[in-house]
Amino acid sequence: MAKKTLRIGMIGYRFMGKAHSNGWRQASRFFPLAADLDMHTICGRDPDGVAAAAQELGWRNSATDWTTVVENPEIDVIDITTPNDTHAEIAIAAAKNGKHVLCEKPLALTVEQCREMLNAANQSGIVHMVCHNYRRIPAVAHAKKMIDDGMIGDLFHYRARYAQDWIVDPDFPLVWRLQKNVSGSGAHGDINAHIIDLGRYLVGEFSEICGLMHTFIKYRPLEDSTGKSDGLGAAGSKEMGEVTVDDTAMLIGRFDNGTLANLESTRFALGRKNHITLEVNGSLGSLYFDFEDMNRLKFFDNTLPEDRQGFSDILVTQPGGAHPYVGQWWPPGHIIGYEHTFVHTLADFVSAVAKGTPVQPTFEDGLKNQRVLAAVEESAVNREWVKV
Amino acid sequence: MAKKTLRIGMIGYRFMGKAHSNGWRQASRFFPLAADLDMHTICGRDPDGVAAAAQELGWRNSATDWTTVVENPEIDVIDITTPNDTHAEIAIAAAKNGKHVLCEKPLALTVEQCREMLNAANQSGIVHMVCHNYRRIPAVAHAKKMIDDGMIGDLFHYRARYAQDWIVDPDFPLVWRLQKNVSGSGAHGDINAHIIDLGRYLVGEFSEICGLMHTFIKYRPLEDSTGKSDGLGAAGSKEMGEVTVDDTAMLIGRFDNGTLANLESTRFALGRKNHITLEVNGSLGSLYFDFEDMNRLKFFDNTLPEDRQGFSDILVTQPGGAHPYVGQWWPPGHIIGYEHTFVHTLADFVSAVAKGTPVQPTFEDGLKNQRVLAAVEESAVNREWVKV
Amino acid sequence: MAKKTLRIGMIGYRFMGKAHSNGWRQASRFFPLAADLDMHTICGRDPDGVAAAAQELGWRNSATDWTTVVENPEIDVIDITTPNDTHAEIAIAAAKNGKHVLCEKPLALTVEQCREMLNAANQSGIVHMVCHNYRRIPAVAHAKKMIDDGMIGDLFHYRARYAQDWIVDPDFPLVWRLQKNVSGSGAHGDINAHIIDLGRYLVGEFSEICGLMHTFIKYRPLEDSTGKSDGLGAAGSKEMGEVTVDDTAMLIGRFDNGTLANLESTRFALGRKNHITLEVNGSLGSLYFDFEDMNRLKFFDNTLPEDRQGFSDILVTQPGGAHPYVGQWWPPGHIIGYEHTFVHTLADFVSAVAKGTPVQPTFEDGLKNQRVLAAVEESAVNREWVKV
Amino acid sequence: MAKKTLRIGMIGYRFMGKAHSNGWRQASRFFPLAADLDMHTICGRDPDGVAAAAQELGWRNSATDWTTVVENPEIDVIDITTPNDTHAEIAIAAAKNGKHVLCEKPLALTVEQCREMLNAANQSGIVHMVCHNYRRIPAVAHAKKMIDDGMIGDLFHYRARYAQDWIVDPDFPLVWRLQKNVSGSGAHGDINAHIIDLGRYLVGEFSEICGLMHTFIKYRPLEDSTGKSDGLGAAGSKEMGEVTVDDTAMLIGRFDNGTLANLESTRFALGRKNHITLEVNGSLGSLYFDFEDMNRLKFFDNTLPEDRQGFSDILVTQPGGAHPYVGQWWPPGHIIGYEHTFVHTLADFVSAVAKGTPVQPTFEDGLKNQRVLAAVEESAVNREWVKV
């Protein structure tokens, strides 16, 4: 029972910082972890902001220079929740200091950065993971198990869409997520990255794709000096700046195993708030998932008697191992939400660190994901099919 | 191939007359009937109206005196689609003239009338049927088969609701359906009769009930002299009349086999247009049906492995006998609608007449239905439990 | 009231012949047509088969040589429901004989054929229409009206899918729909043609596309000598033949007005029986439609107060002109089905013929549709973007 | 900023203890509380069990004698999560010691107990609250606001159902929830109490009811000596005991304001895991809620233009005050779950304690709820209508 204690340092404290902090707090409450957790230090550039965040989110210390955190010998794990352009530098430094690293997605801005991150991680022998939290939605993890168990048969189609609507308003300001130098891309790296990852998770590796990216609104008001950066625009702002990322990205293509792909991500679908829909069609059945009903998985089983066939609406809340993760929470039918996916991710990460074993999705997954992202961008620019 | 020809006389030509006429026209087009059909005569009180209806609905002759129709030796079948207060007299006369009788529901205004109708039918040896058309929705007929096959197990609950919203507006006029002397009752006989019938069909006989009936709007504008009677009120009408029927009727109770009942019918549920929902819960599974999605049946099968259990959304459109009736129409997924339930009813009625065999629901079913209706009225008036 | 009588000759009597015949029978029963209809002659190659069909479907005469029908001076309208390779020849002959022509979709096998058909129609001054019946689903026609009324605003996305599952079984035989010389293409011309047409109807003209077509099962059992051709395979058949059409076709692209397109059609999605889903996203709202719930239209109205926004589930069954077509049928909530779309189509066609005015979709629409189909095929073969 | 600290003592540590502990931990993380929270002591009879629970759930101390906790001068608040038969004694002692009390529902076993609890609370001037957590589901709280704002108009119907399926298996053992002396009643006090409370919250006070209670399975295996009490039965147990509570309870009735009620609670509806459905119909619109989709509220607005009316599927996740509570969590479309309802309840309770103001539902609400529960029991036993 003399469990090891993992001391965590987290870089970043905005939206993802809040979600990860909750995950670190809750993981040990609901999952039998192989290590105790110490929320050691949270790090951000604004001293007051990060100090307040430490208090609010449950961290013992705060820091403003991330290099001191990744070099701190008291710290075992670095959790990166900063904007995308900073992932590579922080992760590589952390790895060189022997810290295990959990990094938000997309892993980095370029394939080259991802490769360097993976190399650094491999050289240090650390445990590394990309936080594609949607893999650990119970319904998605259950879908993966059903596919692996052969219940869907050979796969024909993977069809996914990630639709939001938060920037349809042309007065919404030019936040960092709309600036290529900070975010790398728009809907593509932010949300398309998720359904690409889920495709790799559920189906396999992409082989070739043809992509299309588009920016519907090309100029937006600049943010005011308060620098509100997560969706709160400046009402009176007049000065305009160029949107340098895509509003939507879509692709058709093929996986190595012959499955066909159709993916679409957009921030311009009014009424779709965080609408991730997945459909997988195979020779024995089909699966359908909608994130806005994330506790459900629809399953069509073609092996049942014909008169009873229909998409079964599986409420993925059965305990005792019937459904993954969810038995740690509440009785059947008492649903869980968005934040729980981070708890599941962190619980698995802690387990891997405690045992020193790899945990999917690794930085190699992050690299492969980035290759698909890059292939789509190349395809969209050159208007041609691209091998992944 | 020398098929007998059944010559039909239909009394009434409004809403139900339109639906039945369509049924008579379509039955022979989509079902392999054992008899040819001759739409001989349609009958109504207004000479011009009924002549126009004959032309529009496909009848060879029109008549204004129903007694001449039921006595016409050329006619084999009498189809009664008139208001409820006329059913008994017409049906008894038809039976005495040896005509087979199909009668709209509710069979009559009182239990005594129903008993006389049944006696007359039995004495004449005719084929008699009440047009509870919803029994022949493919999804409902399939539910019945699944229950009979034991797939739901022993039944615990029958829960049904029939909700509409067409008289929520207090300016809606006092049409015949709101006058007790013509209609017998309001929501109760009009729509509660349907879900009582479906309870008897799917579960068995009611043993005792406690009912509640209520009229939300007690006075309404009288119709103008044009006597528009099916929902088109007179805009400028000022004179008011008393609503003498219920706007809603509900009951809790028990079936003979121990199943519990909860039924509710209302014309005061905004947004519910023709919303019939049924749920049956048993020891092995559950069924759920919603008429506004009438091509679907939801089935929860508790015998499946736990991780795959969920309400299965069966699209009841599979041909080749997998699903009842629907294979006569279109390929899978090409849905059918309201009017088809009449075609199915008439096709079965014709088959029974051709063979001289009974066809459910008979006048005896109509009588038993009326006993439940009467028990609910008695219970609502006396505020006590009533044995059926 | 001395209405003209239109005398109809229909070529073909299989699945579409059954659907059209029902449409011809029902149109005058439910719609106030400007002309009376005479179902004069049905035509097919098998004398016994077509004679039986005449009896079953309600035609006065049958014929085995279509040339005699299109030349028959008694006939005013030719309705073409034969396989796709015969459309052009029949339609051109009919037009040259001055007959008004209704033709099943896709209009023909090639753009060139379509152009010749349009020219022939224009030269004769006839009324011509392609039977894209899904335009006249009340929910779809209502969507069109809402878009035209500006309720969706400027359009960003048109996303459509047509999914079926009837040939997933590798033992399903090589019916005519799987043979390129007869059908022209597979899922592409059969069902992708529908959602391309709906895109042109709801959004506008396609400007460029990149397509992908694929055949999952490349060899199938030959049919036996009975030549069953609409889905009933020969159980014991051993001899195999090559599938020469696509099982699935998808495309991404752009419309002239800047809207982005993502279309996918497949016959390999188990559980999707006739699953047409459409989503349109604009600057003011979104629309969603699913054919398996064809009486409903989902509408997100971004102009409502934020706390009340949500996809509204419009049951498109309101009479009195609130919703198109459906008021001719039954009261609110009493749903209609697949076959009604043909009734609506024929009613509008009859009205156009009676008045001598064009009726969408014309052969020009059929031609434009074929240009998109051809562009997708070219794109799929050459693996490049193609201007439409 | 010198906030007061509230020191909490919680009695009980099973299912509800886990849910409340999570609430206490999370409330200060997501809501700007007017007081700091100190999770001071958790109390249970089993020393080892409660000590482990303290560690797992985040309490500083554990205790085995609840009297020492309610008398502890360091403690400000007593939170009662024990079985129902202990509520009254603990709450009264706590009140007499001047502790603010939050008590799980149902408030007690009898009306008399509830009255004593309310009196004790009033005499001490403490803040008192019953934990009817479902009032603070954002969708339910939003429904309340819409009703209060007049958007539904005058109410006609309140229809609610709470359905579960966890004891359909006859081998499920005789746990405390099935023993009247401990639990007071079965489905009635456990889950019917919730939808009665929601009726009082959304509609008003009940005036009269007629109830029905039934036990489908009258004898069950006794639990083994390990005394597992929350649903984990003893597999090999042979000895049987009598089930002394109801498996289902239903009622029809009226509210003071004339609204009609139809409520049903059951543990015998296979496939319904924690299925709370509510429907409210009024003169201007309707509301519908299903707990298994707890982030959604369906709203039919009869004041919209007729062609656009339909049940609107409001995703109740809009921040900035548009929707209650939920803005404290995640962005739109990122759903929350069951446990969050406790966080909201505790946050409001803390706010009330800090300000010394009442917070609904008070013990008076608990008393009124108990009166309805008692009326239903009396009605079910005596088979008659009962005034509340």
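Each chain gets a letter, A, B, C and D, in the order it is written, and its residues are counted from 1.
Please note the rule applied: a residue touches a chain if its C-beta (ideal position, glycine included) is under 8 Å from a C-beta of that chain, and two chains touch if they have at least 3 such contacts.
Quantities reported herein were computed from a predicted structural model and do not represent experimental measurements.
A.B. asks: Quick one: which chain's Cα centre is the longest way from chain C's?
C.D. replies: D
A.B. asks: Weigh A-B against B-D on C-beta contact pairs and write down the one with more.
C.D. replies: The greater number of contacts lies at B-D.
A.B. asks: List the centre-to-centre spacing of chain A and chain B in whole Å, with centres computed as mean CA coordinates.
C.D. replies: 54
A.B. asks: Roughly how far is chain B from chain D, going centre to centre by Cα mean, in whole Å?
C.D. replies: Roughly 42 Å separates the two chain centres.
A.B. asks: Got the chain C residues that touch at least 2 other chains?
C.D. replies: 272, 309-311, 315
A.B. asks: Okay, in this complex, where on chain A does chain D touch?
C.D. replies: The touching residues are 15, 19, 22, 25, 29, 56-58, 164, 166, 231, 272-275, 291-295, 315, 317, 329-340.
A.B. asks: Please name which positions on chain D make contact with chain B in the complex.
C.D. replies: Contacts found on chain D: 156-157, 159, 161, 163, 165, 168, 210, 212, 214, 216, 248, 250-253, 260, 262, 264, 266, 268-272, 279, 281-286, 300, 302, 309-311, 383-385.
A.B. asks: Could you please specify the touching residues of chain B with respect to chain A in the complex?
C.D. replies: Touch residues, chain B against chain A: 142, 296-299, 301, 306-315, 318, 322-323.
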